[in-house]
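These notes open a run of structures that come right after.
Note that subunit A is present in both complexes that follow, paired respectively with subunit B and with subunit C.
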Partner chain A sequence: MLMEDVLEGDCLIVSLNEKRLDAVIAANFREALVARIDQGQRNIVLDMSHVSFMDSSGLGAVVYVLKHIGHDGRLRICGVTPGVMAVLKLTRMDRVLKTFETREAAIAA
Partner chain B sequence: MPSTLKIDPHPNRHSLRNAVDYHLEVTLAKSSHNADPEDYHLALALAIREPVIRAMNATEDRVRKSGAKQIHYLSMEFLIGRLLANNLRNLGLYDVCAEVASDMGLNLADVLETECDPALGNGGLGRLAACFLDSLASLSYPGYGYGINYQFGLFRQTFLNGFQREQPDNWAVHGTPWHVERREQSSMIPIYGRVEGDLDADGQYNPHWLDWKTLIGVPADIPVVGYGGRSVNFLRLYTARAPAEFDMAIFNDGDYLRAMEHQVAVETVSKVLYPSDSAEAGRELRFIQEYFFVACAMRDIFRRHAAAGHRIDEFGRYNAIQLNDTHPSLAVVELMRTLVDEHSISWDAAWEITQQTTAYTNHTLLPEALERWSAALFGRVLPRHLEIVYEINRRFLGEVALRHPGDDARLQRMSIVQDHPHKEIRMAHLAIVGSHSVNGVAEMHSELVKSQLVPDFYELWPERFNNKTNGVTPRRWLLNCNHRLADLISETLGEGWIADLAQLGRLEPLAADPAFRAAFRQVKLKNKTDLAKRMRSVAGVTVDPASMFDVQIKRIHEYKRQLLNALHIMHLYCRITEDRYALPAPKTFIFSGKAAPGYALAKLIIKLINNIARVVNADPRVNHSMRVVFYPDYKVSVAEVIVPAADLSEQISTAGYEASGTGNMKLAMNGALTIGTLDGANVEIAREVGADNIYIFGLTAAEVIERRLAGDVARLIYQTNPDVNRVVTRLTDGTFSHDDHGLFAPIARALLEQGDHYMHLSDFADYAQKHEQAARDYCDIERWSARAIMNVARSARFSSDRTIREYATEIWNLRQVV
Partner chain C sequence: MSTSEPLRLTVPATLLDARAATERVVSLCDRFNTEDRADYATAVMEWLVNVVKHSYSHAPGAQIKICALAGPEAIELMVEDTGRGMAPWQFDAAPAEVRFDPTDVYKLPESGMGLAIIKSVMDSVRYDSHSGVNRLTAVRRWQR
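Now for the complex of A and B:
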């Protein structure tokens, strides 16, 4: 699984450099994000601009991360492709997850 | 041979020959040395496919630019039949193709005969859908079909010792030139999972559908060529696939079997067409099939709507959705889910759009055929949708309660959710509540829908109920299947009738013209001779083309009463062999039809007919005046051979049971006289052709109900009517069962011990009397011909062009895009 971290101020930008967030990588993805949270990162922007397909395992992983970071943490998502947005809308998660078109907008929010 | 292909938008003999040669040599890598008729068929189809695809693209462009409203016809079945001949006729290229074939030393009819006949439907409902698509395209309405690309269509029927055997029908195993796969327009379809309730940022209930499994719906378009070639619409059929890269990932992990298991499980969804009338296992798969194609269609309709630049609140203004029976009723829920969940439309606004968009066609009065799904299954497969159904129902029952305070019984009758004895979702109620129009398919049927099937709904919304009598396309069912008669009509009237069937009315005066009658008779005789040759080859029975061809072709079912026909043949056999009776005119009784694999009595009726055929055809006392043939593996292409050859059309269902029938229309349009009950569209056929040109017999629908209320009459009829007594006795005395007295005992029991439920015995005497009359009438061949011509001349009402115009103006509010 290809992931890349960039720290801007107190905001950790995590780029998932995979085309698919599905059952094949969902568990690793979830553990990787949970590890960062457990290490103290409370302000995360997840850049999904490379991800064109997300299945329910992938969505489950994102939801798990959102719950794990809790109300006192911040998880935003940027670079949501049409395929991923379709899944978020299908499941109404677009009303829960904060999504932004660009990385800059997500950081500034 | 050419090494490159120059596309000619209007093929002539030379350019078409070039294209056929090109595809034979380059696409199929064959030459005249090793090409067989199937290769020629494929090369010809590929040559024709190019102008068809171009016309399809041009039609779509024209529709897009027009901004016109579109109709999306959702059906679990499309019984499309063979396509090449029909497309050639509609494009006006049949004759030039025949010349090209002749130039190549081939007979076009032989080449066309090699095309597979996709059995993507069970019977009338699926064939109706195909006729509607033809009419939509021929009338230049923007209308599209949505369904499932079943790998295995309805089973192939063979007989083993007279018993039906079912063989798989892998219809597309050799590929089809008419599929245009649109992989880039695939849809992701979730099923299963759970709903997790939560609150959104505004504190509103916000359920999340989680942990679903994924199906991928891959569309393939089949072009639907309208008559004249001006408009080419499409039928979009979906195949279920597993998400490919997902499987590859498992495969790469080394777990090949698991990857294959997942793929097989997913692809099962579009594997098999379920035979109607069968209560076999696999209901969950059937339910998933229904959701799968509805969800694929809805995504496609929303995608096209957005691509046209329309706003979401204009959805109902630009789209109409017709539910062909209850199988696509989930469209109501899927539309609501998409609008509310994905487009954040308020419930009330979404409901208005849903009702504005959706219309429902009822096809059956049989309570057992009205779909209900257990709430447990529904919730397991579509948890979010079940929530939406409950909310629709809650609001709907609130509306009913306001109109009828305290009437709990009414609420229970009308509820979408049936609570007892099992919690089930009533799909017909869902379709009615979610639609702005509910139609039956013949005048009588539409009245029975209102008065018997769902009277509470009619009382609540009388304006919602209407009739759209079925029709059949005259292109396939006269121009293409009966080219001799079509040529005779065109020589007499010109070709205008093909697009305007009302012009057939001008044939009426010709019924009095001896020369026209003789020409008409000659056509019929040639068609009968063709069918006789086929029957000798397929069923091994030799028949006399001069005999009266008495035809019953349809699904085998007790209510359709092939058994009544069989009992009557047994009766004639007994009269000839025991009573020294002589038939006024020789008769050939022709049956064709399939029984659902799980319908034991229907299968036994097939065995009975085959046994009767064996006895009658081998008995020298009888076989000079009477033959019986069961033509196996009934399908569209078989009907296309039998229909033009029929003299007498058996439409003998128990009154009140057949919604419409369309075989009755095809046969009348081709000059067969009907012997039938006052059921379905027979009533309208009788009105159109006139009482002198049809044989009506039997109890009416109201009399059937009265007879049932009067108590069990079966034994009384059996004891008092010697003819009935004799044929029922013959069922079990070994005459037709090689002394196996028990073989047909279940049929005898069904007749005698179930209160004559389908009125076989009650209607027998009248049926036999009308048959006797028809046989005598047939001897006056001039008068018979005149009456047959009157049937053709007065069949205009039964064109699907008329039906589609009514749908377009009265339900869909659609305009033509020319």
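Now for the complex of A and C:
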């Protein structure tokens, strides 16, 4: 699984450089994000601009990360493609997950 | 009226093959707009993953049969497996939407969303299980 971290101030930007966040990689993705949180990172922007498809397993992993970061942490998502937005709308999780068009907007929020 | 030849696949019941099979089925869907195509891809993947994880529980050597037919009005999909499946009443009883309280983050669902996605994307969907064969039949119109 290809991921890239960039630290901007206290914000960790994690780019998932995969075309699909689905059942094939969902568990690895979840554990990779949880490891970053457990290492102390509480302010994360997840850049999904490379991800053209997400299924409910991938979404479940994102939800797990949201819970794991807790109320004192921040998880925002940027670069949401039509394929990712599709599952957010189908499940109505677009009401819960904070999404932004650009990385800059997510960092500034 | 023109109808394509059906796409018939028999694939190993693995997550990687579910992914590849989804892409093959969705390659028939050039009459969908971008949003509908994404919805349909999600629904197909949800069912195939359900078969791999739950019907077969990742059993080695298990196979999934898939038939997809892109017709003039709709795409028809049939998926067969010979795993433990589920009772048809369980499929019928599953809600057609994902239900949760958006104000309670800690109770958000992390799983169990697949059947709701399938039911909300497909115009008609039927699941039956006879003589050891579990079969999902689903139809989605090109235009809603």
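Keep in mind that, in the parts below, the second predicted complex is superposed on the first by the 109 of 109 C-alpha atoms of A that agree within 3 Å, B and C clash if a C-alpha of one lies under 4 Å from a C-alpha of the other, contacts with A are read in each partner's own complex, and residues count from 1 in each chain.
Here is the rule we go by: contacts are C-beta pairs under 8 Å (C-beta built on N, C-alpha and C of every residue); 3 or more make two chains touch, one makes a residue touch a chain.
From a predicted model like this one, the values you see are computed outputs, not experimental measurements.
Within the superposed three-chain model, A:49 lies out of touch with both subunit B and subunit C [touch as defined at top].
When both complexes are overlaid on chain A, the residue A:59 reaches subunit B and subunit C alike.
Measured by the number of subunit A residues touched, the leading partner among subunit B and subunit C is C.
By the touch criterion stated above, A:96 is placed in contact with subunit B and with subunit C alike. Of the two partner chains, subunit C is the only one touched by A:67; subunit B is not.
When the shared chain is aligned, subunit B and subunit C each come close enough to touch A:86. When the two complexes are laid over each other on chain A, subunit A has residues 20, 22-24, 53, 55-56, 59-60, 63, 83, 86-87, 90-93, 95-96 in contact with both subunit B and subunit C. Within the complex, the subunit A residues that touch subunit C are 20, 22-24, 53-57, 59-61, 63-64, 66-67, 71, 82-83, 85-87, 90-93, 95-96.
On subunit C, the positions that touch subunit A within their shared complex are 15-16, 18-19, 34-35, 38-39, 41-42, 45-46, 49, 52-53, 97-98, 100, 102, 105-106, 108-111, 113-114, 116-117, 120-121. Across the complex, subunit B meets subunit A through its residues 188, 190, 193, 198, 200-201, 206-214, 243, 245-246, 249-250, 341-344. Against subunit B, in their complex, subunit A makes its touches with residues 19-20, 22-24, 53, 55-56, 59-60, 63, 83, 86-87, 89-93, 95-96.
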